[in-house]
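In the two complexes that follow, chain A is the common piece, with chain B as its partner first and chain C second.
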Partner chain A sequence: MTVSPAAVPPATVPPAAVLRATAAMDADVLIIGSGAGGATTAAVLAEAGLDVLVVEEGEWVEQGALVPFSLEQMDRQYRAGGVTVALGLPSIAYTEGRCAGGGTEVNSGLYWRPPGDVLQRWREQFRIVDFDPDELLAIADEVERDISVCPAPGGYTEPSEVLRRGADALGWRNGEIPRWMAYPNDQPHGQRQSMTRTYLPRAMRAGARLAVGCRVDRLRCGAGRASSADTTLADGTPGTITFRHVFVCGGAIQSPALLQRSGIRGHIGRTLAVHPTVKLAARFPEALNVPDDVPVHQVKEFAPHLSFGGSASNPGLVALSLLDQWATFQQAVTQWQHISVYYAAITSEGLGRVRSFPRMKDPVVTYGLTLRDRALLRSGLARLALLMLEAGALEVYPSFKGAPSVRNRRDLATMQQAFSATRASVMTVHLCSTVPMGELEGRTGADSFGLVHGCSNIYVNDASLLPTAPGVNPQASVMAFAIRNARHFVASGGRRA
Partner chain B sequence: MPDPQTTPVDAAPVIATWSAPRTTVVTGAAGWLGRALTHRLLADPQRPHLRLLAHSTAEADDLRRFVDQHDAAAQRRIDIIIGDVARADTAARLLYQVGADTDVVHTAGIIHPRRVRQFYEINTNGTRHLAAAARDAGVRRFVHVSSNSPFGTNPDTGDTFRHDEPFHPYLGYGDSKMQGEMAVNEAVAAGLDATIVRPPWFYGPFQPPRQTTFFRMVRNGKFPVIGTGQQRRSMVYVDNLVDGILCAELTPAARGKGYWVADQRAYTVAEIVETVGRALVDEGLSVKPPTTHLPNVAALIAEVGDRVLQRVGVYQQQLHVLGEMGHTIAVDISRTTAEIGYVPKVELYEGMRRSIRWCLDQGLEL
Partner chain C sequence: MFSRSLKVGTTTTQRTGGDAISQLRFHLLMRQVPALPVVGSFAERLLAADLPDLTAAKRREVVGFIAHRVDALPSFTRFGVLLLGTVFRTLLAVPGGWGVARLLIALPLPLVAEYPRLMRSLGFAYVWEHWPATTPTGDVAVANAAIGEAAA
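So, the complex of A and B:
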């Protein structure tokens, strides 16, 4: 399913409108980061007439210009080429977008509203005040229109059908997850939506400036108030930005790291929450591989604690999934066209930390899985392998060192016996909760609208605020909360309510 | 072979069933479940011929007394065969000339042995011999009583085993029962008509004396609750289990399938202890409030100890039970209801009251 260049409508923002950051800039409101949190914040504030400057460490890359999930994309749109790790036993690999639009440019675009019971729990346990879950879901309605969340109009890809077929055979609940895709003229292959196609152009039309190639090293603060930011431009030269208010929207790793580098104390970076995932590759009799798209089905039978879905499966990623047990799995790679990669994701009871150290550019991220998390990863991988067998897989290759290949039910027992999370390739793309919002003392880093506790003009407005990992793709929650908080900022005139 | 006939089942979809066979063979007939099943078969005038397997002469004598006490149809033919289920020749003798109008219910098994190898001799090899003999004899239906143990424990307190799950045997017992299921499946592939039922922890009348310790621990407030007792446990009242076995036996469409047979829902350990305490009080017994709350790590240590001992072939019952108490074992019976018409009739409180009354009637001290 390749998006041919001819099918890509012209960008809504001419690249010339995107600025290169300069050594001295200023703004009424500085927004650091242009992903799901920063772009939505920028649109709300600019449309309210505020003077907004968005700075982004990465570059503007036209949506659709690079092959999705390709090495070139990892190089140009991901932080550190997509190789970032939370240390622990096992270490957990994670990825962060680093480009205009952030993670929204490079992820699979699957959209899940925050579940109502999760919102209720957040409100009660973290004491989020003036928070009406229905109001948030009404914002979600708007977001879904703005970014064109819809189901695929045509049929599903074969790797997606595998999930449906296997789950149906077992009687397990499954369904299509809508995506932010536009299907102009009912074309079967959609145009992926993202922040560079939606909220960023909207913000810029309302007068916001977007400056790329600008890393913020620290905020200059005194008495809980920040007045300027020290920056490093793409060519390595230093710069400064002065502002009245600042919104930190760098994502759940970069936002707490920046606050820590700026000397801000409090509950910052202490409660990183993720959805750890383990993977397997499954080989089928027919050629089914789709290199540049992911399945739209997810299996939610065991939700919230366990979910299954499909991963990007280009030849390089197929090889990567076989790497843990390369000695016995390598011959499978020649049949990559018959192989697709799938994941089992869990809600974790473990927690991670983000810590910044002086003179280190990047923070040190750690994460610890609990015994229950490890059992759940093992069980999830086995249930997913069972689903693959039921869907007609000839052979399943679980991604952990010492894994047997699975061809039948007896092998599932062998696989579970051999599994150890410590030897598994555990990864995650959902990072949150490093500056949880709410009024609960000692367990929140920002107030009920994202104002950092103890500060008067420093806000966080991204995945860091989500009090816990939501159990579903979190980007819908991130956007809805960011819009809610930005509107509150506008309504309260930029002062604390 | 009788034609399938259609019988409506209480609160369940209409499912085609067979009528009772001429001959019903029960292994482990002198055991806890075996007695509960035999007791039910003896009450059914449609079961003209029972053939029961006992392990020893003493057990056979005991079983004969049990039969004489409960047999409702004096005209019935009852054979008691003595033999070790672990031996191949026992299966051949047990099924000698039984004919095609025969169902076999294989309840024999060992759960608390002295040595780990006994698990395999009885639960695996015994099942393999019997399934092969049943296939050779051309019986109508072979019902194999398995367990939750081939599937291990749930990975999360909120998790519930679905109808179809990957094997993950819990220690020696679970492994031997998994291999028992595999032996049955091999016989099915070779032509046997078999159905597997998987009960979790069961309770109720005909319990062996060791089970009275369970009630005694609750009475004395000494039942080991791990953490806050929020682990969930599926349990099954033994008469519910007998219902499930009979559904599996008499439903033609159950061929080659396996079913959970449990009470309607899983209970938390805290709820189990509270309910048993209430049942004891309502049966006129005094109960001390629960005092034995162990930290989660106690169950973990017990489990590790159990694993180490089993690796060198030793089985220690207390360690095993304590190690398992830290886990959730919860199963979903909805498919069992939908496909073989099993509807559990007795829930925990009522089942425990009946169980306590039965113990008291036997003169057992709780």
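So, the complex of A and C:
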């Protein structure tokens, strides 16, 4: 599954090669979005000799130019400065990348290939035709080489060791999750092999053009066929792009929103799936905080329903994790160097919706947790607190309003009784399934290769296509499916067009 | 909103009469009202209560950041935040309004409770990212002096 560290030399793109979008552009194939779906699609199509234009709403930001997980990074590389929310009880905070490379530039870089049983289930339940899970896993092999999926060289950070130590003490299954990183000279801090380091340079070397600062407002469609896109440039200037085929790769929120704004209905935006997470902060005797990186260990004893991992923990984020019960937790913030933040993530049975309304620039996103989800979040947080105690935490601060601090096992029962998902800070970074793929009528928005139902030249090729939340980090699944679908497009010569 | 006639490589944009009127209505409804005058007074009051030792200059800096982030919110969320901001701003303008506002934000009211939470989240994230040694009451200077003494 993994290759040795630094097998892939970092690739860079000269800044001059990245274009500023202009008011009038055209291409054979327009790709909207440059993240895990868009960048891989661009590389496959450009290498097949097609005239490819990738447009990206955000800017190109050089890796290493910004402090990871900082507010400045959120300003420049996240949509809405990272303040986006799915409304509900509770509302669920989520984040979307908005820069060249999309979410791959800002996420933790942890890699999970799609589980085999999930792929089988998707094939059967959503009737994905001509789909061989083994073929997809072979593509995953390629991806792992291309983005240098590898374990960290040398030791782990202390926040990561906490997860391992606590899980080992409880006899819970845990392990290091490999990342798409290159570690020159086995340095502990790697270079993320995101899309701006891998597939985007590859696409551009093959002739693809990348234009940044270009938002696509809507596709102009008639008789199931789109011929042009209305755009707004970074300075507010309106523009147009003409094309023969379009791949919408804006992610699980923006892709269905664009389709809806373009008048395309059907099963679009109705089945948003996420992995909701709840958090806690844990204080230890020793200083262990790592402000600019996340732990590489995850605890999978209760997977796929429940997983534990570590979050970014700079002082600002530690303060945020204490906020829900500031009156009693506030003193802990002075010891932020001794604190790290962890999460419990669940596979949810709830569903969300993405809705675009006329003349509104952004969609309205909603999500509803089920009773089972709420119970799972409660037990997940309690188990995570137990794990922290076993790892040697002096005190645990759960992130929900009315939470007691947890110092021993007796406190766990009190915490569980006090927990209510409605009062918790629930968030997610894994969004998918808003245009599910397959041939099953009424439950899918695109066919088995991403062609939007009822359309002849509009494709979706990103996390929106995954029929359900995979129960693991979805980026590997997104990339593998995007490559599969792009290759099929090439092999079929642009079907029905 | 616009009708476009297309030629490959060029674009012309024409605005029709009906479109122009609906566009004007939309802009009146959703125009970019700067967030600072709407959310600023409440955010400042909230921070002063939560972090009483944060200096006025630093508090203004934090409020500026909060307003900047509210301006960047997705349109629907921003509209809701500004609506709530207007309610709370009006409350603060009347005698005893802060007491009523405190009561309101302490209640578990859906969406209403999200407003002070958003202000606090943004504010606290900014304070501790920029001045990590800040005390729980917001005293940056004392915290930094303590660190200096420890280092000496």
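Here, the second predicted complex is superposed on the first by the 484 of 497 C-alpha atoms of A that agree within 3 Å, B and C clash if a C-alpha of one lies under 4 Å from a C-alpha of the other, contacts with A are read in each partner's own complex, and residues count from 1 in each chain.
The definition used in the following text is that a contact is a pair of C-beta atoms (placed from the backbone, for glycine too) under 8 Å apart; a residue touches a chain by one contact, two chains touch by 3 or more.
Since the structure is predicted, the reported quantities are computational estimates derived from the model, not experimental observations.
Applying the stated contact rule after C-alpha superposition, one finds that A:R359 touches chain C and leaves chain B untouched.
Touch criterion not met for A:Q335: it reaches neither chain B nor chain C.
With both structures placed on the common chain, the touch criterion links A:L317 to chain C but leaves chain B unconnected. By the touch criterion defined above, A:A385 lies against chain B but remains apart from chain C after alignment on the C-alpha atoms of chain A.
Ranking chain B and chain C by residues of chain A touched puts C first.
In the superposition on chain A, A:T240 makes contact with chain C only, while chain B stays out of contact range. Judged by the touch definition given at the top, the superposed model places A:W326 against chain C, while chain B stays out of reach.
Counting contacts by the rule stated earlier, no residue of chain A appears in both its interface with chain B and its interface with chain C.
The residues of chain B lying in touch with chain A in their complex are 152, 154-156, 158-159, 162-169, 178, 182, 300, 335.
Within the complex, the chain A residues that touch chain C are 23-24, 26, 70-71, 75, 79-81, 83-85, 87, 89, 91, 220, 227-228, 230, 238-240, 242, 314-320, 323, 326, 330-331, 333-334, 336, 357, 359-364, 401, 422-423.
Those residues of chain A lying in contact with chain B across their complex are 170-172, 301-302, 305-306, 371-372, 375-376, 378-380, 382-383, 385-386, 390, 409-410, 412-413, 415-417. Remark: chain C residues 1-2, 4, 6, 8-11, 13, 22-23, 26, 30, 50, 65, 69, 72-77, 108, 110-111, 114, 117-118, 120-122, 124-129, 132, 134-136, 143 touch chain A in the complex.
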